[in-house]
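Labels for the chains are A, B, C and D, by order of writing; each one numbers its residues from 1.
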Amino acid sequence: MAGEVRIRLFATARQLVGTAVLPWPVPSGGLRAAEIVRQLAAAYPRLGPTLSASRFLRNHRYLADLATTIRPGDEFAVHPPYGGG
Amino acid sequence: MAGEVRIRLFATARQLVGTAVLPWPVPSGGLRAAEIVRQLAAAYPRLGPTLSASRFLRNHRYLADLATTIRPGDEFAVHPPYGGG
Amino acid sequence: MIPELRLVRRRLSPERAARDLGRARPGAIVVFAGTVRPDRSAQGRVLALDYEIDRIPARTRLAELLREAHRRFGVDRAVAWHRYGRVRVGDVAVVVGAASAHRDPAFRAARFLIEEIKRTVPIWKEVRARPARRPRRPPRPRAGRGGGSRRARRPPAARRRAG
Amino acid sequence: MIPELRLVRRRLSPERAARDLGRARPGAIVVFAGTVRPDRSAQGRVLALDYEIDRIPARTRLAELLREAHRRFGVDRAVAWHRYGRVRVGDVAVVVGAASAHRDPAFRAARFLIEEIKRTVPIWKEVRARPARRPRRPPRPRAGRGGGSRRARRPPAARRRAG
């Protein structure tokens, strides 16, 4: 059964897509993070450079690499370079 | 006509001599700072090591060396190593 | 005693941090505060910064940084506070600080915290600016008024762009 | 606005320095405060430090250091405050700070000021201590009272020596 991942976009990623939360359909077995990032870049071509510079999180935890599987119900966050302080 | 220099002693120098201000007789032409320091060390033998580590001032200004003449009416200050903060 | 870690909308007070860090009778206290500067940006004069955070990982990371400051520099106490939402020019956006028996660890811990917050905590800022002004008519010089006329001589605002 | 340079008997407030340095809307503020630690010394437990200064050269030198901080680090504002006379344990003896558009000059100027004050300003401190206590009779352990009994278990004071 297919489902959805909740993509959360911050800063320039949010501005370029125009929303902070993007429901993203995934197959029941989920998708590797790399594939979600590829699909995002295809759907929002201007997002490419931001995605290249971003860190990604699954359920509020940083992904060490993009081989991790993101499953239906997961939250997938896109963090462009930080700028606090 | 002879006169007096006002020697001001701080910190360990003051403690070792037992007073903060010491009137010191000098000839009318004054004495070189080096000579005053020598006389002080002779009068207060325990003061020797402190004097070796001290800076000296004439009328609130640091002396670059001890060749400066200190004249009657001058103030001559003995500054052991600092310890503020 | 206020929390070491704060991510808040409301005002931050470096004074409060200094007072709080001093409670432990530490020897040395260092407090850093970062405020929003009245800069010019590409969009015009900065009025405020809107800070966005990803709250859960931001808290996790700040807590790690505080533990690391304690571990690495041996400080007695450290604070790391950051605002989110709108922070106006002149207001404090971030406060870090450390208290220690000696000054070197306190300085180093405070510096470590602010550098790492900027680099590794999921916080972003967006400039809110007043668009640069454009002349409607040529500026009219005023005799006998020096510094005070600088603002008057600036071209009036392109109000349409400001919306 | 309070003076950049202060040599005073009365209490110093790092909070006040932080607030004051923030007035100029600088971007970055660093405040350092040095307090009297409740140390043990050769003479016993430290109760206070008596700070002695040579006032005229101390003011001259502090003013030079402030000018140097402005010149060398380009800070907008700097403060260097030191108490003299008796400063009790826990109280602030020295406050330095700097405000600048960016954090690096503010950190460096604050650090510069405190290092140079310690090294080059004619200020000295003398420890006022409570002499170490000696037992008159062996300590009597109390059952069932943990941390709270620490003071009670310490041998009674050598009151004759303390005067």
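Heads up, the rule we're going with is that contacts are C-beta pairs under 8 Å (C-beta built on N, C-alpha and C of every residue); 3 or more make two chains touch, one makes a residue touch a chain.
What you see is a predicted model; the values in this text were computed from it and never measured.
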{"item": "Where subunit A and subunit D overlap in contact partners, by chain label", "value": "C"}
{"item": "Any chain in contact with subunit B as well as subunit C", "value": "D"}
{"item": "Distance between chain centroids, defined by C-alpha means - subunit B, subunit D (Å)", "value": "29"}
{"item": "Inter-chain centre distance, subunit A versus subunit B - centres from mean C-alpha coordinates, in Å", "value": "75"}
{"item": "For subunit A, residues that touch 2 or more chains besides their own", "value": "85"}
{"item": "For subunit C, residues that touch 2 or more chains besides their own", "value": "34, 114"}
{"item": "Chain-chain contacts as defined at top", "value": "A-C, B-D, C-D"}
{"item": "Interface residues, subunit D side, partner subunit B - complex", "value": "34, 51-54, 56-57, 60, 82, 93-94, 114, 117-126"}
{"item": "Interface residues, subunit A side, partner subunit C - complex", "value": "8, 10-11, 14-15, 57, 60-62, 77, 79-80, 82-85"}
{"item": "Residue numbers on subunit C that touch subunit D, as the complex places them", "value": "14-19, 22, 25-35, 37-38, 89-90, 92, 101, 103, 106-107, 110-111, 114"}
